[in-house]
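Shared between the two complexes below is subunit A, which has subunit B as its partner in the first and subunit C in the second.
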Partner chain A sequence: MSADRPHSLWSRAAQRFVRDRAGMVSAVVVLGYFLVALTVWLGLGGQDWGVLGSDSFAPVSAEHWFGTTRNGQDIFARTVYSTRTAFEIGLVVAVSSVVLGAVFGALSGFFAGSWLDEGILWLKGVLDAIPFFLFVVAVAYSLQGHPLAMHVAMIATFWTTTGRYVRGEVIKLKSMEFVEAARAVGVPQGAIIFRHILPNTSHILLVQGTLVFVTAIKAEVILSFLGLGVQDGVSWGLMISQSTNEVTAGFFNNFIAASLAMFVLVMAFNFFSDALQDALDPRKVSA
Partner chain B sequence: MSLLRVRGLKKYFGGSGWPRRKAPLKAVDGVDLDLAAGHTLALVGESGCGKSTLARAILRLHEPTGGEVWLDGTPVTGIGRAALRARRREMQIIFQDPYASLNPRRSVGQTLDEPLSVHRWGNRATRQARVNELLEVVGLRPAMANRYPHEFSGGQRQRIGIARALALSPKLIVADEAVSALDVSVQAQILNLLNDIRERFGVGYLFISHDLAVVRHLADRVAVMYLGRIVEEADTADLFRQPRHPYTEALLSAVPVPDPTRHAGRIVLPGDLPSPSAPPSGCPFHPRCPKAVARCSTEVPALRTMDDGARVACHLV
Partner chain C sequence: MAGLGYLIRRLATGIPLILGVTFISFLLMVYFGPDLSFELVGKNPTAEQIAAARAQLGYDQPFWVRYAAYLHEMVTFDFGRSVSTGQPVRGLLADAVPVSLALTLPGFVLGNLLGIALALLAAWHRGRWLDRSIMAFSVIGMSISFLIIIIVFQLLFSSRYGLNFFPVRGWDMSSPGAYLYYVTVPTLAIVFVSLGYNTRFYRAVFVEEVGRDHVRTARAFGAGAGIILWKYVLKNSLIPIITRVMFSIPSIVIAGSLLIESYFGIPGAGKLTFDAVTTGDQPVLKAVVSLTALMFVVVLIINDLLYRAVDPRVALT
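Up next, the complex of A and B:
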């Protein structure tokens, strides 16, 4: 602390993260994927994923980088477009379920032992007790095949883990003296929960966000494979599902492209998440 | 008129349960205290005797089970949540652990600004000036407002905690073991700071400590607590010269005397502090008291006022 320059916990975590090589490499890979997804969002790439070509099972060429499917669709365009699908699902599910988990977890932790806590714990217990795929089928059915049925099902089940972690952390934090100090000063209860306590769980939220992101992408693949997932557009799950007919005929391009794209992203995200966890560890922060 | 008046204050924990009602833990059991403005009342006693709970019950950080607290002639107990929040500007607290008492995610400036903004004190510019002023009062530089708690030492953090307590110019500051967690050299600095603040701003301190040397240095009056009750209260000089309650005698005998030729007869109490959920019959101190007589185990001694204004709860005095 040489100068009067603020060193927030965030800037110190960032310094630690930058020193983590695996973390930085994985961050670059994830960023690369994100840029691909961005080009699709901006309409600059992968737009002709649905165009039916004349030649089935075309090999890798300058025109079709990854070859074509049985229907003559360009596999590269489909892979690229699916990146957008994956990010869309990952981001929506991760952000929503983490926000939900943070709010419910904070409330049930702060009012631990009250009827509110009991109610939230009961809700968590119920949601955790329902088998995930059964739940997705039920939601998909009740929403009449709505394109967001899968999202809703994932958000409704994935927030519970975050909620549990946040609840435990809030119970620990609320008895600390800085919370008592805030009460002594007259800070209203809502501000104590959301301004003083919840920001101190941000390391949990961030890490949970990355974990849910990966889980959502993987779940999408399985659900799409089962026909419960993406209803419009294309995704890696749909590509793998489609490729089952092709693999038996000896054509692997579709299958490899989709699974490799997903594998690398999930892998990188897991490393990224690990590095983030290390960098944000509050025990290391205080050291 | 006294600044702080506490009458019959009680704080019980538990006492409910199903199917069988559990015995309540009587952490504070009928405490009367008075503190004059600009004075320091020390509250001493061993760990677990209810000192901190009493402090928090006075400030209504723990909701008291019974009794009344008056601050500056108006009641603090029996008022609603909004009224209580408004009154919090008059009474503040300094905590023991300087590492746990500051929010690690908020800069020092944010921490010091909070009491001001919560109570709508001035505008942004005047609050900023006030924060700088507070930092100077406690011996820190205004430029430090941008820093975060982990960048400070324990003593500096405690200064920040003191600045936060001072922000709204309170009349009463409760110092809950405010120097216990600090090194001896830092303790002295903080004690001097507390003394300066009392002289400059005329605040009254309720100073909770188990360190009798510190108490002797700082307090005008001392109350000795045992198992949730006051057993003796007297002016500091009187209490240290002539303790009247056997428990006070034992406590004072444990203070090291810096004189190798003087063999202070040390009184070692047998046993531990009894559980406040199953207090002994009669005088709560009788099982450990070297002077106990038959009457002590059956009859609770009242806290009686002596000729010189001291108060003692013992049948033998």
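Up next, the complex of A and C:
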């Protein structure tokens, strides 16, 4: 029986992941949120988020599951629609910054010590030296009105961590035998970097992607509160910043709905990311 | 003097970093920041009036001349007057930076000390229920947005729905009592938001140290937990601790408290910077960016010197 047991990194990681109870529960929760986002994308739910109703601060009822806001908008529809916004921001920022970090990190690592490496390291140092919110505020403000301003700002700063990890890993990988073999049979340099070495860092990229996803969702809330976040549509950040005026008047539905929805997703994603790290790198020191 | 030569070399390597930070920031300010020339002129201005306003703001100069002027301002640390308030920039910063420091420092110190204590506890009981619950609570804490924490803490401590002990807005440092009155709720929020991250980070460091052979030997010889954690774990983990603390300093002084400052209406450096970005107040922005970049380089150097102080094997090259 042991002959057909799979041995690749991914199948072993999958086996370990399935045994991780917290990881599996959190994966199911994240999947649930994703399905909610999918229903919004397909136009099946949350479409009435902007409709103004006549009764403001309506209590929880069969018609308004989570009650209504000051403007009589249905809080449940807004919470559901915001799930889509969160996934949009998280996915766009996570995928873009991981790709950016992978490319820069791989080039930097493969040509370690060259002017290209120096240049990329310098850029990373500069981006890290500008305090995060100062930079995001500046970029978001300079592209004001553009719906993707916030995304651009986050991508421009979030890739550096991925870049650092990939660089280190590529430096390790590039002296290994399979790279030497590829070079010996005349594989062009670009193909060696991007087809032979980079795929071997995919476990790093996956974990970094989940971390960036969470960071992006959390940053959105703060940027939206500062008026630099989501421009059109609704998000948990916009709901929370709208609710700051409502909680002082004693109406907590809006605040609780948005906070709780966001908290559960972020927490599930954090546990999911942890389980993923444990499954992919069992040597790593963790619980 | 090897030390002095090291210091000069190190400062020199900081120059590309400073140039990069100032250049990127300046590019953002000049090309994307708001154009203030129409705020200086009256209604229905003539072409000459507009040109005069632009000249006054320096908009008519070519980009490189303006960047060079900026670098000159940075070397002399004289950025002139704020465009929106007319006050000298240096004075504005001298007022705002101490406020930010006084606001964030207690929370920063407490958050790190508590994080280290919890992490030591978790690392010592690694794998057992105490460790697991501390780590689970860390992840839960990391999952709550700072904004939510601030709102909830205000409700709990400063509103009629909670204790109503502390003020909702404002700032006063004239006496220790007033300071305590205004700083308590922000401090609690800062500790809460940072505790999860700190505990996780420090635990990873300590777990590695606890697993080392000399710690196991010390345990086998019957050394107590306090001695081992203090002498062998904490002292040997000083380098990552120093790194984490040092690199938080620039953001504490400049931008770390932006959210708290805008929510509690506190006139600190974060608020000053945010207002400068949104109003296009270039002199203030230039000063803040320069200060940040300089501080970053200084932090890098002090960090290296501290490495050397705690670990004599580290050579200054």
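Here is the rule we use: the second predicted complex is superposed on the first by the 273 of 287 C-alpha atoms of A that agree within 3 Å, B and C clash if a C-alpha of one lies under 4 Å from a C-alpha of the other, contacts with A are read in each partner's own complex, and residues count from 1 in each chain.
In this text, a residue touches a chain if its C-beta (ideal position, glycine included) is under 8 Å from a C-beta of that chain, and two chains touch if they have at least 3 such contacts.
These figures come from a predicted structure and were not determined experimentally.
Applying the stated contact rule after C-alpha superposition, one finds that A:Asp232 touches neither subunit B nor subunit C. Of the two partner chains placed by the overlay, only subunit C lies in contact with A:Ile222; subunit B stays clear of it.
In the superposed model, A:His196 makes contact with subunit B only, not with subunit C. By the touch criterion defined above, A:Asn270 lies against subunit C but remains apart from subunit B after alignment on the C-alpha atoms of chain A.
In the overlay built on the shared chain, the residue A:Gly186 is in contact with subunit B alone; subunit C does not reach it.
Within the superposed three-chain model, A:Ala129 lies in touch with subunit C and out of touch with subunit B [touch as defined at top]. Once chain A of one complex is fitted onto chain A of the other, the partner contacts of A:Phe178 are limited to subunit B, with no touch recorded for subunit C.
In the superposition on chain A, the chain among subunit B and subunit C reaching more residues of subunit A is C. On subunit A, the patch touched by subunit B and the patch touched by subunit C overlap at residues 285-286. Taken in their complex, subunit A has these residues touching subunit C: 122-123, 125-127, 129-134, 137-139, 141-143, 218, 221-222, 225-226, 237, 240-241, 243-244, 247-248, 250, 255, 259, 262-263, 266-267, 270-271, 274, 285-287.
Residues 56, 59, 61, 85-86, 88-89, 91-93, 95-97, 100-107, 114-115, 118-119, 141, 143-144, 146-148, 150-151, 161, 164, 167-168 of subunit B touch subunit A in their complex. Touching subunit A in their complex are the following residues of subunit C: 16-17, 20-21, 24-25, 28-29, 31-33, 126-127, 131-132, 135, 139-140, 142-148, 151, 155, 159, 161, 204, 207-208, 211, 250-251, 254-256, 258-259, 262, 270, 273-274, 277-278, 288-289, 292-293, 296. Of all residues in subunit A, only 1, 4-9, 176-178, 180-188, 196, 199-200, 202, 282, 285-286 touch subunit B in the complex they form.
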